[in-house]
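Presented below are the structures under discussion, each in the form of structure tokens.
Shared between the two complexes below is chain A, which pairs with chain B and chain C, respectively.
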Partner chain A sequence: MIKIERRNDVSRSIYFLTPVLAIFLTLFGGGIIFYILGFNPIEALKFFFITPISDLYGLSELLVKATPLCLIAIGLSFCFKSNNWNIGAEGQLIFGGIVGGGVALLFYNHDGFYVLPIIILSGAIGGMLFAMIPAILKTYFNTNEILVSLMLVYVAKLLLDYLVVGPWSNPEGFNFPETRQFSESARIPVLFDGLRIHAGIFITLITVFLSWLILYKTYLGFQIKVSGLSLKTAKYAGYKGKTMIIIVFMISGACAGLAGVGEITGPIGQLHRNISPDYGFTAIIVAFLGRLNPVGIIFASLIVALTYLGAETAQIFLQVPKYTGQVFQGMILFFLLGSDYLLFFKIKFLGLKKNEL
Partner chain B sequence: MNTKLKVSEISKIYPGCTANDKVSLEFGSGKIYALLGENGAGKSTLVKILSGVVKPDEGEVFLNDESIKLNSPLDAKKNNIGMVFQHFNLFETLSVFENLSIDSEKKDEDLRVLVNDILKKYNFKIDLDIPVLNLSAGQKQKVEIIRCLIRNPKVLIMDEPTSVLTEQETDDLFTSLKQFSKDGILIIYITHKLKEVLSLCDEVAVMRKGKVVSVSNTIDEKIESLANKMVGENLNTIKKKINNLKSSEEILKISNLNFKSDDPYETNLNNLNLSLKKGECLGIAGISGNGQNELFQILSGEIITEGTSIMFRNKEISKLNPRERREYLMAFSPEDRISQAAVPELKIYENVALNNFKSSNFFEKGLVNEKKIKEHSKKILSNFSVNTDNVELKSQFLSGGNLQKLIIGRELITSPELLVCFNPTWGLDVGAINYIHETLIQINEQGKSSILISTDNDELLKLSDRICVIYKGELSKIMNADTVTAEKLGILMGGGSID
Partner chain C sequence: MYKLFLRSLISVLFMLGFSLNANAEFKVGFVYVGPTGDHGWTYQHHEGRNAVEALGIKTTYVESVPEGADAERVIRQLAQSGHDLIFTTSFGYMDPTNKVAKDFPNVKFEHATGYKREHSNVSTYSARFYEGRTLLGHMAGKMTKTNTIGYIASFPIPEVIRGINAMTLAAQKVNPDIKTKIVWVFTWYDPGKESEAAQALIDQGADIIMQHTDSTAPVQVAEKAGVWSFGQASDMQRFAPKSILTSIIDDWAPYYVERSIAARDGTWKQQDTWHGLKEGMVAMAPYNSAMGSDLVKEVEQLQKDLASGKVHSFTGPIYDQKGNILVAEGAVADDGMLAGMNVYVKGVEGDIPQ
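Moving on, here comes the complex of A and B:
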């Protein structure tokens, strides 16, 4: 007979070490998959995880990918810590991109230092407003935020589709589904010539710092923590539950919106159909891999960003589809959840007692 | 077909509490047996043993003189013992028939014929093809009963079946139970409601603190005699406190408190009125589940009710949430100390910060003032003799007694004018109980008031100045504690009335 019991105390250091263990298990599992596919596992893993970042360009690309992932995951950590399951960051990212992109198109042919801040701000507000839809529906109509936020992703995607094909498509663009290129003053400046890494990384770093401040040093952060651990206690302490749900969704949506506007004004420079390779969904893995902790999320975003790059390299050198990247992301989450289960519960093997036979 | 069920010398010991202490009882078919007792008397444990959910440490169960092993609910089913629990185990979104067919080996067509026969025989009116969620509580219970009847039970055990039923549904249930009994099914009826015992059952076994204290024919019993047996007769010897602080200043006045819940497991409150004087302790007795939970949450502000007036120190506070009520110097100690009054994963000082109000300065300009909270926590730990001085300790490592001291300390260190506490000493050892009791007496002596909602009559008689009883969401009249006896409490708690 097998009995599963909750462990009473979980050491803090092991709590932060299990994500590392999950990553090693992922490498191991990935090696096995490559072996079955007929590759030398060591070589393949090297193509996947070392080659992409063995030059400056690769490192810059890593940061380009990690920037939005980290930003979104930080925002999600506010929701997840307080038991609000915002699964629609992808939609909030796209909607932020739409609003920011719209403003950028509005300022087409405008010059001035004020253009970019206005665009970025409007992107953040766009994401924020979009995230408020599931929050308000949850607080006032008792809907399930998981479903609503997820479904809204498709609303945002289709809206973007419509805009780039229809009203916002480039008049000189031969009917390609894309808008004009934004003007120079609407672009986030790159940091080094020839590399794509851009100043958006500073927005991310500032957000990480602010999040740490809010989560660990403010009354709001304390309320979020208590609500996440026990809603009954939060109610007993008199915290305004509804307001808090809306606030965490606003923060999370604003972060996703920022990530969206950062993408279109940074590396992309226009609106088209695929402004995000599912950053909003992948960021959920980042948030949990980083233990919802701001510093943890920075590291997690770098690792998950690497799976994006690795998938591209592997596609070129090993002729495997780039979706292997998603396989790796899935494995990370799988092994993380698995090791968490063993972390929080212990499994006891009991011999069969006689009277049970 | 005669059925004899016998439990012999059954004991079950949980850490810190003996739930069943050498319980021996005999039942025979054709009669309805009541198992009567207060909460924690051991009724539920005994029933769980009979239905295979819990295994006894010692003792045996005999069915028709044969010893049977009940290691799982499946064993109970095999031995034709049926059980209807207080909380229903039905799939809400499945239809009635689907719920019935899930654990039946019969073919659907055969089952439908059988179920229709049962419906006809006992005059049950239930549409088999609508989802269970559309049924009333009484109908859901009937589905549970039908589920047992399908298996031709020899024994049917009903655990507090009327707690979710209306008067009419209760009458219907009793009619059906009497019919089952006539058909030769042995019925064991678990309750703490005295009236039901007298109107339904033939024999009654009373349990107290894990032991069977009496077995008798209900014809020989009255509400008073059963109440006495249930709560124990030795209570009159308990020394009551003497309160010399006779103040006429009214501190709290509640009028027209009504509460209607959508949740059938919650109790509606019906036109509660009470007032409280400065320096006074008002005890509210009752068997749990009669509205205490709801009343506590309304007093603390976790539930806001419409149309109720709560005047506290001449201010209307009925619309305020718990934090805002604390600003007016109210304090609350909920029943669930482990996961509501404190969060086990949080450190002691973080749990202290839960009771935050403006003058505490725990959070200045929205920032956490950790130093201040920790100083304040240290003061609580030493003033209320909590057995640690480490404010960084997670509260899950505190024993029940120390945790309760921390909570009471947290609530009292702000010198509130009113403390509302709900079962403050459940599960604590004698030392901790005495400490909490002394503390509660002390605050009255300092001119502060308290409301003590408790299911422990000893505690109520010891600490209260005035006492009333809550039964089915209604309050009895409020009596002076020196005129109250355990017998009177017992009658009121069981739904009886006194002159």
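Moving on, here comes the complex of A and C:
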């Protein structure tokens, strides 16, 4: 007979330490997997987690990869904290990219300091508007935001496909599915010559700071948290639930849109079909690994970004299959959810009593 | 004890450092867009890599590299970690390849299917797949009962349109009534979409299925439906033994071997390569005897003539869909026209998505 009981005394420090535990368990589990695959586990882990960031270029790449993840996850934390399940950040990222990219093409061969800010702003607005669709449908028509936001990802992807194949394709590009390279004025400047780390990192840091401010220092942040803990309490307290749902989706969408426009004006420099390797979905892992906390999300985005880089390095040096990166991401989430369960619930093994048989 | 530990630690560190610095060895890197087990495009590049490895040259590959911001990092890492020659095997790597090439003038780069050679250390290469399509068209024209050929196309780029046109022209030559129906799937690899497209074409009366996508899904659907099909990129015969008449095989191995040896021996030069049946970059899998020995002989002869240059896939007169002349009677389309081809020939149904 097994009995599961809720624990009432979960300490705050342990709550924030379990992600670290999950990471160590992942390292351990990863070592075992490498061993089974026939690699020296220590060497493989070294190539996976240390080699990629052992020089300046690697560190810069880590930040390039972590920037969109961090931005999206920060936005998602607003939704998730208030029990709104926005699964469609990928679509909001792509739509932000489409709007920002469209403006960038409009400003093709156009110089001026105002070009880039307009592009970035329009990308954020694009993502925001796209995220309002599931929010409005949820508040006024009682639809399920998980389904709507997820399905809209495909809408955004197909729209991008249509645009880069058709009306926006590069006139000199032999019909290949991509737009022109944006002009220099539409590109986020890189911070150091030879490295790809760009000024988008400041946008991310400012966003993180603002989120912390909103979540922990404003009435809105308080409302979000209360609604997440208990919807009934929030209603009883007279919070305007509908407005809040729309606001959290707007914030979330704007962040995803920023991530999208940051990618296309940063490392990519044009629109094509592959502007995001599923950042919007990976960011869900990042948000939970970071405990929906702005600072936690920064660290989580760095770790998850490292799993991407590590998978590439491990394949280059050891020919470890590249999908181990995804296995690592899966393991992190698995161990995190597993330890959360044990954190919040007590499992009691009771002896079988005669009268129960 | 402590000293022993220290000494072994130092020797381990030394060995580690040594193994990392042993970069003098000649190495070749490959960047793949798909998994090595796709049994199509990437699989064949991987086979080419195996041929280079068989020479005793050290090779490295990275698979499933997205064509977005990640490609540049992977290519750069290969260049940085001591690879002397790097093959980037998908169109989407064109700009990242040129960008990295600029920073590594001593490393040689080879980009498949692109047209940009911005630095003297970048070569491009591709295959005249359309020659294989001419053979498929000949077989399709002879084998079809419904006079309808189903074609699953990926992206409306010149390479794909060239294949559609070459096939249609060859089929018309042996069967003037044929029509080519096309479904655009806008992906190179998506088994689900590809099988839906194959089914849709069969439902519209196509009894021949061919595809310019990478998975084995279309031939498997054709096998089930009992219609003829052709394998793409690699010999897909074992996935649809009854249905497949032959496969167009991309054989990159000779090119990869030749270029790797040239780079190793210091004779590598920038070039733009476009090889076909003659050089063996395009090869045909064994022909299915179900099509009858007469037809097999015909096709084998046509293959020889294409390889020798006696027959050209695009020999005039060629008309576009509206009946305007594209290539005059007796003339042959030049490579410039082939490289930029963006109109359908007469007999193809529908419009090119723009």
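Note that in this section the second predicted complex is superposed on the first by the 354 of 357 C-alpha atoms of A that agree within 3 Å, B and C clash if a C-alpha of one lies under 4 Å from a C-alpha of the other, contacts with A are read in each partner's own complex, and residues count from 1 in each chain.
The rule is simple: contacts are C-beta pairs under 8 Å (C-beta built on N, C-alpha and C of every residue); 3 or more make two chains touch, one makes a residue touch a chain.
Every value quoted in this text rests on a predicted model; they were computed, and no experiment measured them.
Once chain A of one complex is fitted onto chain A of the other, the partner contacts of A:Y239 are limited to chain B, with no touch recorded for chain C. Using the contact criterion defined above for the overlaid structures, shared-chain residue A:T313 touches chain C, although it does not reach chain B. Touch criterion not met for A:I136: it reaches neither chain B nor chain C.
In the superposition on chain A, A:L302 makes contact with neither chain B nor chain C. In the superposition on chain A, A:I247 contacts neither chain B nor chain C. When the shared chain is aligned, chain C comes close enough to touch A:N274, but chain B does not.
Of the two partner chains placed by superposition, A:L191 touches none, neither chain B nor chain C.
Comparing chain B with chain C, the partner in contact with more residues of chain A is C. The touching residues of chain A, when paired with chain B in their complex, are 8-9, 216-222, 225-226, 229-230, 232-233, 235-240, 355-356. Remark: chain A residues 57, 61, 64, 161, 165-166, 169, 174-178, 181, 194, 196, 263, 266-270, 272-277, 308-309, 312-313, 315-317, 319, 321-323 touch chain C in the complex. Residue ranges of chain B in contact with chain A, taken from their complex: 69, 71, 300-302, 321-326, 332, 334, 336, 339-343, 345-346, 350, 353-356, 363, 366-368, 394, 396-397. Within the complex, the chain C residues that touch chain A are 29, 60-70, 72-74, 76-78, 80-81, 91-92, 95, 103, 115, 155-158, 161, 186, 339-340, 342, 353-354.
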